[in-house]
Each structure stands twice: as structure tokens, then as C-alpha cells.
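Just passing along the structure, written as C-alpha cells.
Going in written order, the chains are labelled A, B, C, D, E, F and G, and every chain counts its residues from 1.
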Amino acid sequence: MNLPEPYRLLIFLAGTLAFVGFHAAYLVWVERKGAGRFQRRPGPTEAGYAGLLQPIADALKLLSKQVIVPPTSDAVLFRAAPMMVMAPALMCLAVIPFGETLVARKVNFGLVMVFAFGSINVMAIMLSGWASRNKYAIISAARIVSQNVAYEIPMLLVAITLLMMMGTMDLQEIVRKQAGWFWNWNLFQLAANPLMPVTFLIFYICMLAETNRAPFDMAEAESELVAGAFTEYAGMGFGVFFMAEYANVVVGCSLATILFLGGWQSPIGWLPGPWWFLAKMYFLIFCVVWVRWTFPRTQFYGLLNLSWKILIPVSLFTLVLTSVMLKLF
Amino acid sequence: MTLPLPDLAAEFAACLHTAVPPAASPPENPSANGARTGAGAAPANSGAIREVEFSAKGFHLDVTVGIDGVVSAAEFLDRKGFALDAITGVDWIGEQEMEVVYDFFHPAAPWRVVARTRIPRATPVVSSIAKVFPGANWHEREAHDFFGIVFSGHPQLEPLLLPEDATYHPLKKDFQP
Amino acid sequence: MKVPLRDLGRGLWSLLSGMRVTLGQFFKPTVTVHYPHQALKMPPRFRGHIELVRDPETGKAICYACKLCERACPSDCITVEGVKLEGDKKKSVTEYRLDFTKCSLCGACVEACKSNAIRFSHEYNLAGRSKEQFIMDLFKRLEAEGK
Amino acid sequence: MNPPPLFDQPTPYLTISAFLLATGVFGLLRRPTLIGMLIAGELIFSAASLNLMTFNRFFAPDPAVGQVFVLFIMGLAAAEVAIALSIIIAVYRNYRSIKTTDLADLNG
Amino acid sequence: MNSSSAAPFLLTLVFSVAVLTAMGGALIAVLSHRIIRSVCGLALCCLGLAGLYYFLRSPFLALMEILIYIGAVCVTIVFAVMLAEPDEPVPRAHRVGSLVWASVLAVAGVLLFWGLTRLTAQAPVTVPASRASDGSVAAIGLALLTTYGMAFEMISLVLLVAILGALAVARPGRHKP
Amino acid sequence: MVSQEPTCSSDLSQVVRFAKLDELLALGRANSLWPLTFGLACCAIEMMAAGASRFDISRFGAEVFRPSPRQADVMIVAGTINKKMAPAVKTLYDQMLEPKWVIAMGNCAISGGPFVFPGQYAVIEGVDKLFPVDVFIPGCPPRPEALIEGILELEEKLTGKRRWPRVKPE
Amino acid sequence: MFTLNLGPQHPATHGVLRVKMTMDGEYIRRAEPVPGYIHRMHEKMGENRTWAQYLPNTSRVDYLSAMHYTHAYVGVVERALGLKPPPRAEYIRVITSELNRISSHLVWLGAFLLDLGGFTPLLYAFDDREKILDLLEGITGARLTYCYYRFGGLCNDVDDTFVRGAQEFVAYMRPRLSMYQTLVTDNIILQKRLVGIGLITSEQCRKYGATGPVIRGSGVAYDVRRVEPYSVYPELDFDIPVFPEGDSMARYRVRMEEMAQSLRIIEQALARLPDGPVMAANVPRVLKLPAGDYCYAVEAARGRFMVRIVSDGGEVPYRVKLRTPSFSNLSLFEETSRGLLLPDAIALLGSLDLVIPDVDR
């Protein structure tokens, strides 16, 4: 690729956009089909072959819905929130390497970048709740903030653990260091940290919580808060939140793949490539769906207790353990 | 802990007779005062306890209490560990009277007690037992909804099942929508 | 320290076994009846709206407008009209109006009918754009079916 | 040789920094509520950080020093916000208001 | 950032967007009546600042700006807003006096600040643009742990005290109803 | 055919008619009818049963029960509406955004059903007294198949043609 | 402090209950249920219809346990007339009642888990429920509002398919119950949400007249089937599950255990099912009840359901009073929900297993 940097960037941004759009739409389909299978029913079947046109029908419908801004709401923020919510996911995906060369923008600090832009997401969802001026939405907004603050900490601690092992914040470099057979993946680096699977679990749980997925979907808690922060949103405004949730899941699962499962590296030592990356990512996404359709929702204080009383101490412990192990060996 | 039924009946009778003031003495409840002037006061005050065949009627004790005996009857049954089943009214339009029926069951013993009192239809006022059985709160509101029975001393006698602004009492026999 | 750890392990195990259950269901076949393509067979006693029974000999409705069903119906949804034709012993039905939108499918009419002139249909998937179409004249229906 | 592009000159950065300071001071004086003042204070912090970073970029020989100081400022700002907000909430609990004018009895 | 291969025009465009975002955000932050909007303004301003840091050859700082200011500071402020100010402050009539004072002070501040910086900037640009660091994290880390080790520790101490202080101040109000 | 759609974004369609686009939109809407989680009485259980595995209205893309009226497209009025509830139902209908549809499920929603008698004081005799109803499903309660049939009927109303076979009960 | 109006349309209220909540953040200061949004005049209709015409109404008060309600109404009329249904009818009544109890509890399980945010158990529960509905539809012709019992017996007899189907169902359901145990009951998230939440003491139950799984979850073994035995329950061997904790988990466990007990009852009743008619011979054609008042209580899925009728000797009831369990159980909510968090209150509301038309009638 000899294109000048800005054009290359633009092309890759367009690619990222398409990637996000496709995934956001078809993960909804996967979710609905998967939920169906878990519940022994087929899920959408009638729109297109195996319901493949279902996301398109939904998008058409959402686009053609009437657009309103509730009179009681804060109109500017109400409109701004859906725009804000998609951007961070896009920015994060721009630095995620899907293959050796398949990355929109090489950044030395990819890891920090993902976390930095991930934190904007909170602002966006929270603003949507606040701007709606609906009691359920405001309760939900307050929940989102405390939940995300609580789970960002163990997530960052886990990231720091990996940072210490890897010695770089470059996501590509992190993947390259995991080349070879699957025991080179960070998940199995038991010599550096015997608790590595636990660390991975913490990361995964935090990822679920940060993306507001069940069993941590406090924000949308249907049976309690109607539709949470999105109660007043309709049409595409709501559709964007719907999509952003899945975009964030994609980001989270990609990051988990890179940090723990060796990114695009093949588990059998040869044929590395983006397909391996996607396969691993899809497996993690499947687990997200699986978890969602298995468990009831956690209680709010249970969620905070889990973070502050279990995840943070354990991740701190793994951090210390890793540093000791690294010093010893 | 369970008392045999005849003993319960006897004790209940004793309790009611001591609790119910003699007919001549002025009633304690000022709001019931007007209610009692119309109907004959003497029968309304005397308690009557009947043991009935359960398989034929569905309850064991049929207690008729005077208009002022409702609270003391409820207190007695509360002491004996009864629970409130329901409170309802029956509109005896022919006799121009309203019957208030209190059903009690016992959570541990196989007893059912029905207490009833008759109040004049024109001024249907009876004391509330919501202080004795908090569960009576809703039952009394419901009876107020349906029959317009006023439970004096009730904390919140507003329509429960009917719309908030309802002023009609649909289960009265002369109700016209 | 030991007890919290054990609790933690037990909790994790409960989550994993829950996931095992759902995964087991994931691979089982679906139980869905694909309704417009397939359909369940209604049991013989299924209570749809009522319909008039044709007398197999005469090919006419058995009903002779005795109005027992009309009287038995708790929701007043049946109106039966009949005339006594010349030469017949009994009346014969000319109009059997069923306001299905008020019916509670209790079956009082069928039980009240002494001559088995009405029965439950198996119409289980009615839907329409106006409610008038469910106020039906069963007699006309029977006639139309005969043709 | 062309003059370096706008973003390679210190002047725009310094100007923005001054602008941020101005808005910060303005907000600090104008805002009726404690939280509003806190936000204005954050702007002033940002102005200082930007200035530091600019000088580091264009005039300082050590590439790390400016960044280190900005990091320090960020850390302090975070700490300050945490403390300030907890005080504000405590004040709110006692006075049911966070307007500066309502808190006059703090004057003694 | 390799400015030689990139179109300077495009970069200048991005730069001006960053500048406008920062300035606009700052204006929103101080001028809007609703506090939640001023927090958004602050966030916007920080986003612009992050862009400026990027142009100042320190992408690391840019990201930290986003992470700390938007992800932590703004979110905390919003949270406090939710806790402490459920009602919007009523936009009140501006007091002209304070407005004048504020403007005068602001202008004075600008002049002073700008003058000082101009004076400093009179000095020649000591580090050629091309030789400036690319924001190497290693350098920052080294500096933090060697030269500025003491300051680093102090900051950690301050943060610790801040956490404890925040807990201590906010704790007593917690109670279950 | 296009003019049959009263609910299509009216201001635009009066000026220009994008027939093809309208058809496409109708197809999209018909395949993505999100109902409002709004059960009143017995029929609500059958509505839940229609969403459950045996009948599975998700096949038609209609399993996304939205609890917020803003996000729902079709209101399935499943049960009796009484005078105390009527204002709330009306509010819910008003809160739904265009285009919106109403399915009256069960006899109570169609006409008050078995709860209508001379001298009744509580029941609204048919939800069509409150707002327009698109599809009626009689029964007490209707079977889940009838609800699916109602959704198909609504789709037919939207797109103008029926894509599915009709089931004739034997 | 603000007021939150939960309902009348809210996913957690299972119908159209409104709860006026005064909240302090997410803590509930006061939660006052406002019923009446689906008041359907059942008691008024009793005074407008003949004794027989009132039968379909009983299936619609609590549509989830229609059999029990019809049982109570049929029972009270039989008591007034002195009718005795033949033993086969009584056994079939017990079998269908218990099947109905399981199906009602399955709906509760699904809806409760839905309140707690778990969706899949709802569909599994409905899947199992469909099997019961198939059985009951086969004999009654309806899925929900059965209207199957008649004064003095049943409207029609069961056949071998039903008996075999019921036996198969019992065999099928036992492993399913242990599946629910693994999937739901043991789940740590569910335990954390239910254990110790929404405490109800036995004294509160008594004061409010709460019955059914609510009182049994508070440690009182009150079950109408034992205390005021009706039908052929005295001949059958079953336990009354009691859990003394009084929290939402106890009520949950009571219902789960009750399903197992119902299976036991069905098994025994099927084994003993006698031959014979299903309708008493001496049922008068036109019913005129002797004047007086009569009560009949049954253990419905939600607790004690009592019908009190007052007859003036005519063809039409003078007064029909339905004492419904949900009404009393819900009246408890205001006191027990005080100080709870919103999601806990919703768990409590779900654990009370309300059917709103049962409250409003």
C-alpha cells in the first residue's frame, strides 16, 4: 500500500465503518437466532432465507419511524447522545489489528487508545439517560456510571498485568509475541502468571459489564426500568444504541482475542491470518450470547460487590503475582 | 395450642358479652350514634354464637355481633391467632339493612369463623378493624367501593378497585349505572 | 478466607452448570410448529365458535329454533329465529345469529341443546380486519357450505 | 523555505491556552454553583497543561519533562475533583443547595 | 505523525477542528445554563485538547487526556450532578456587575498570560520540530521513576489521601431509609 | 395500493409517491413488527405462549417485545379494558410513534366480551371505541395460532399481499 | 425523593397493576399498590346470571388456575344442594386441578425469572406447560379457561389417552424439575438476588391473611387441602412444603417443591382412578339453592380461594363473594417493600405470584 497516509486512513475508516455496520446488524441476527436455539425455537426464519433479511427489515422500519424529541427532554443532548455513542467503538476498531497488516491505523499505544475511547462510551449512554428526563432513564444513567466506573478499574488492572508481561502497548506487537502454538498465547502463559485463566475470566466479566450485556445489563433492565436509559428513544435513535451495544461487544471480544488468545495467530502454529482472529472473536461473542440467554440479571449492589470485593482484589493479586513472577524468572 | 371448638365458642361468647356495653348505655363511637337510632338498638348489640355443621355451610362458628362489638370480636380472634379472610357486605334491601360479613380462618387449626353485623342501610357506618388486622384495610376499602359502607376510623377510605373519582356503589341492589 | 473461596468456587460452578444446561438445549431439535406451513391438529373436543349441525338424512339443519341455547347463553350472544313451515311438525331455523365477539366459549349452549343441533367448530385461527365479520349468521353459513 | 504549518508553531497553542484561561476565570466568577466553578477550574488546569506541553515541545531540550508535568497535573486534577465533589455532596446534604450564595454562613 | 508525507492542508484542517472543538467546548462549559451541558462542554474541550496534544507530538498524553478527563473527571462530575442536583438550576437574570467584573478580570488575565508567553516565545525555538520526541512512553516512564521519582510518589500520596478524604467526607451521609 | 396506507409518513407521501420505496418500506415494517409488552388478562398468557417456543412469533420478526411504547410498532391489546384503565391505554397509544398498529386480541378487547351485560359499570365495550384497530382476533382466549394469524393479517394489510399459505381448520 | 409510577403498564407488574412508589434514589420509601385497572365486575355479574351461567366467570378470575376456581364455585353450590359427585369425578377433579397447579406454577416460574432478567427459563417453562395444556385441551377443549367442572361432576369423561398422557407427563416432568434446579435454583446470581430479600414474617401473613406459598414460605404449614379437606385429598398422600425463612427464596422453593408434590398427587390419583359415572344422578335441572350463606375454600395455585355465596332461594345468586388469594397477598406488599431497593421490590412482587385480575376481580 503506497497510498498516502490520510487516504489510507480514510479507506480503512470506511472499511471499519462497514465492518461495524455489518457486525452490529448481523450480531443482532446471531443473537436472535442463538437465543432461539437456546430456547429450542428457530428464531427469525420468514424474512429471507433463514431470516437473513431480518436486520435489514428492522433497519428499514427503524429508519422510517417517526422522529420525535420528547418535549420534556433536553433536546440538544437528546440528539447528541446517539451520535456520541457510535464514535468510540469506531475509534477503537480503527486500532485493532485483524491481521499482520490489516489495521486501520498503527498506533504505538493501541491498548491505551481502546481504553481511552472506551471511556467515552459511558458518557454517551449516561447522557442519553439524563437527557431523556425520564425517571427510569435517570435511574438507569446513575447505574451506568457507577457500574462502568467500578468495572473499569479491574479491567485496567488486568490490562496493566498484561502490559507488564508484554512490555509494549502496541496491539500488533502484543499479538506478534504470542506467535507459534497455542501454548504461546497469553491465556496459557502460566509461567508468567499461574492465575492467567482467572485473569482472562476477570477481563471477560469486566467486558460484559462495560458493554452492559446480561447478566450486567443494569442500564436496560427491562423488568425494572422499562428500557432504562433508552426509554424515550425511538426509531433510529434507539437503533443506534442497539447497534452500539453490539459494536462494543465486537470491540471487547476483539480486545480479549488480542490480549489473551493470540490475535490472528493460528493455534496450530501455521496459517496465521484474519480468519483465525475472526473465529476466535466469534467464539467469544457466542459466549456472550450464551451467557445472556442463560442467567438472570444481577442485582445492582451484587454487581458492585462483585467488582469491589472480588474482581479488584483478585486482579490486584494477579498484578502483584505477575510482577513477582517476572522478577523471579 | 389449639383450643377445642366448644371452648373457643364459650370463650368468645364471654368475651363478647363483656365487651359489648349494655343496650342502655351510650355508645362509645360517636359516628355510630346516628346509625343506631334508626334501627332497633337492642338486637344489634347482643352477640349470638352458633356452631354450625362445617360440611353443610363451610364454616364452624357463626357469630352475630352488635354494631359496636366488631372491634372487640376482631381483637379476640386476633388474640386466638386467627387470620382475616375477607370482609364483605350483603345488601338486604328488603329489610333496609346492610350486612357486613367478616370471615376468619386459622392458619394452624382447622377453624373457620364468620362474624356478621347488621347496620342500617341508610347510614351504613361501622368501626374499622384495620388497626387490629392491617389486612382489613383493603377489604374495607373494597366493601366501601361496592356497598358504600363507611368504616369509621379507617386510615384511607378511598376507592380501591373503582376509579379514583368513583362515587357510585355498584353492588347495592338499587344501583343504576 | 477459606469459606469465601469455597463460595466463590461453588458460585462459579453453578454458573458453569447452568451454561451446560442451556448448551444441551442448544443442540436439541426445536419444538416449534411452523404455523402457516404446518398446523397442529385440534383435539376433537376443541371449542371453537359453535356451528349448526346438518341432519345427515335431510341435509338441513337439525335445529328447530327452540331457543334453549339462547336462554342458556350467559353473555346473550345467540339470537335464534325460526318459522313453522306448513306441514312440518317443528319449527325450522331461519336465522341463527352468533355474536362471537361476546362469546366466552363456555359450552352452555351446546349442553343445553337437547337435539345435538349445535356443536363446536374447529375454527381456531380466526382473525380479520373488522369486528362485524365475527357476528355471523350460522344458518347462512350452513346454507353456503351446502352449495 | 516555507514557514512551518500552523500546527508546528507555538503561537496558536499559546493563544488557545490563554483563551482557555480566560474562559476558566470567567466561568469561575460567573458560575453560581460549586460544580460549575469546579468545571471552570478544570479549564484553567487544562490551560496550564497546554502551556507546559507547548513549551516542552518547542523550547525544552528534554522531551519527557513537559509530558511528565502534564501527567502530574492530570493526577492532581483527578484528586482535586474527587475531593471537591465529595465536599460538594457533603455540603449539599447539609444545605440542600450547592449555590454559592446560599452557603453564606460558611463566612462565619 | 509524519508531516512530510501527509498533506499539510489536511493536517491543518484537522488541527483547526481540534482548535475549534477545544474553544467551543470551553465556551459551552462556561456559558451554558444547565450544568450537565457544561460538563459536556468540558468533555468536548478535553477532546479538542487531546487533538492538540496529538499535534504537540504526544499521542500518549492525548489518550491520557481522554482517559482521565473524559473517562474519569467528567463522569465523576456528572455523577455528582446527579447526586447533588436533581433539579436544573433556574437560569436567573445576570447580574451586570459580576458580568463586568468577570469580563474585565478575564481580559486582564488573558493579556497577562498572553504577554508572558509572548515574552518567552521571543526566545528562539531551541528544539527543532523534527527532533522532538514522539511521545515515547519509555522516556516518560524513565523520567517519572528517576528524575521526578519524588514528585511521582507525592502524587500517589495525594491521590491516596484524596480517595480517603473523599470517602471520609462522603461516608457519614450514607444511610438506608 | 399505496393510498391504502393511512399511516405511512403522510407529509412526504402527499408530495411525492415513491411507489417502490413505499413497497420496500412496507415490506420492512411488515417483517419487523415489534409489539408492546402490554398484557391485560387471560389473552396475555396466550400472547406469551405465542412468543414461546411452541408457536414462536419470532419467526416473523415479531418477538422483540418492547416495554417502552416509543419503540413498539404494534400494540396487542390482550384483555379487558375497563374505565379506570382506558385513559392509560389511550396514553400508551398516543406515546407510540407513527406508523403504529393495533391488534385487538380476544373478545374482551373487541367488544367487552363476556363482561358486557345490561347495567355493567366498568368495561369499555371494545378497544375500537378508544382508537382505531387494525386487526381483530376473536376468541376467549384465542389460540396462539390465531395471534400469529392476526400478525399475518396485519402484514397482509401492510404489503397488500399474503406471503403465507392459509390454514383451513379441518 | 421522587414519585415513581410503576405501571399500569410496566413489564414487572404482570398485567395492569400500578404501584405508586415514593423513592429515595433507588430505595423505596413507600410503595402503594393501586389495583383496579382490570376490575371486571365478577361479583356484580354473579347477581345477574343464574347459578349455572356464572360458571364461565370462575375460569376468568384467575385464569392461570381456572380449575381451582371452578372447583370452589362448583363445590359451594354442591354444598348448598347437598350433592355429592361420584368418586371418578372427584379423582379427575384432583388430577386436573393438580395439573393446573403445575401449569400455573410454571407460568409463575417463567414470569418470575423474567422479572429477574432471565428469559430462557420462561420459554422452557412454557414448553413444559404446553404439554399440560395439550392434555387439558384434549379433555376440556380449551387451553386456559377450561370451564370443565359441573355441579355434581364433570362435563365429560376422560379417556385413556388422557390417562396415558398424564402418566407420561409425570415421568417427563421429574427430570425437568431437576433441570430447573441446576439451571435456576442453584444459580448463584439467583441466590444472591433472592436469599434474605423481601422478608415476610408469619405474623405479617396472618395479619394480612396472606396464604398459599407466601405463608408456607414463612414457615406456616397452612394448606386448605389439609386444614379444610375437600374432594378426595384426604385419601392421597402428599407433603406440604414449608420453608421458614420468609424470604423470596423460600417462596420460590415452596413453589418448586409444590410442583413435585403435585406430580406425586397426580401419580397416586391416576393409579386409583375408579370407574363409574362422572356426573351425579340427582342433579336438578333448574337450580334453586336453599336460602342461606355457604362457603367453600380451595387451595388454588396462589393460596386460599374461597367462594361465599348468599342465596335467597332463587335461581340467581343473591351475592357471590370471591375471596381471592392475590388480593390479600398483594395488600402485604406495601408493608414489606418499605426500604427495599427497586429491583428487590420487583423480586418480591414476582415472588408473591400475582395475577392482577385475581386482585381486581
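Rule of thumb we're sticking to: a contact is a pair of C-beta atoms (placed from the backbone, for glycine too) under 8 Å apart; a residue touches a chain by one contact, two chains touch by 3 or more.
Note that the coordinates shown come from a computational prediction; the quantities given were computed from them, not determined experimentally.
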Contact-graph separation of chain C and chain D, given in steps at minimum: 3
Most distant chain from chain A, judged by the mean position of its C-alpha atoms: B
Selected pair, greater C-beta contact count between B-F and F-G: F-G
Gap in Å, rounded to a whole number, between the CA centres of chain B and chain A: 63
CA centroid of chain E to CA centroid of chain G, Å: 62
Whole-Å gap between the CA centroids of chain D and chain E: 6
Whole-Å gap between the CA centroids of chain A and chain E: 27
Where chain B touches two or more other chains, by residue: 162-163, 170
Residues of chain D whose C-beta touches two or more other chains: none
Multi-chain contact sites of chain C, meaning residues that touch two or more partners: 15, 18, 21-22, 25, 30-32, 34, 74, 104-105
Chain A residues touching chain F - in the complex, by the definition given at the top: 32, 36, 39-47, 51, 53-54, 56-62, 64-66, 68, 222, 226-227, 230-235, 238
Chain B residues touching chain F - in the complex, by the definition given at the top: 162-164, 168, 170, 175-177
Parts of chain A lying in touch with chain C, wherever the complex brings them together: 36-42, 45, 290-291, 293-295, 310
Chain A to chain E touching residues, read off their complex: 4-6, 74, 76-77, 80, 107-109, 112-113, 115-120, 122-123, 126-127, 130, 138, 141-142, 145-146, 148-149, 152, 169
Residue numbers on chain C that touch chain G, as the complex places them: 10-12, 14-15, 17-18, 20-22, 25, 31, 43, 45-47, 72-74, 104-108, 111, 120
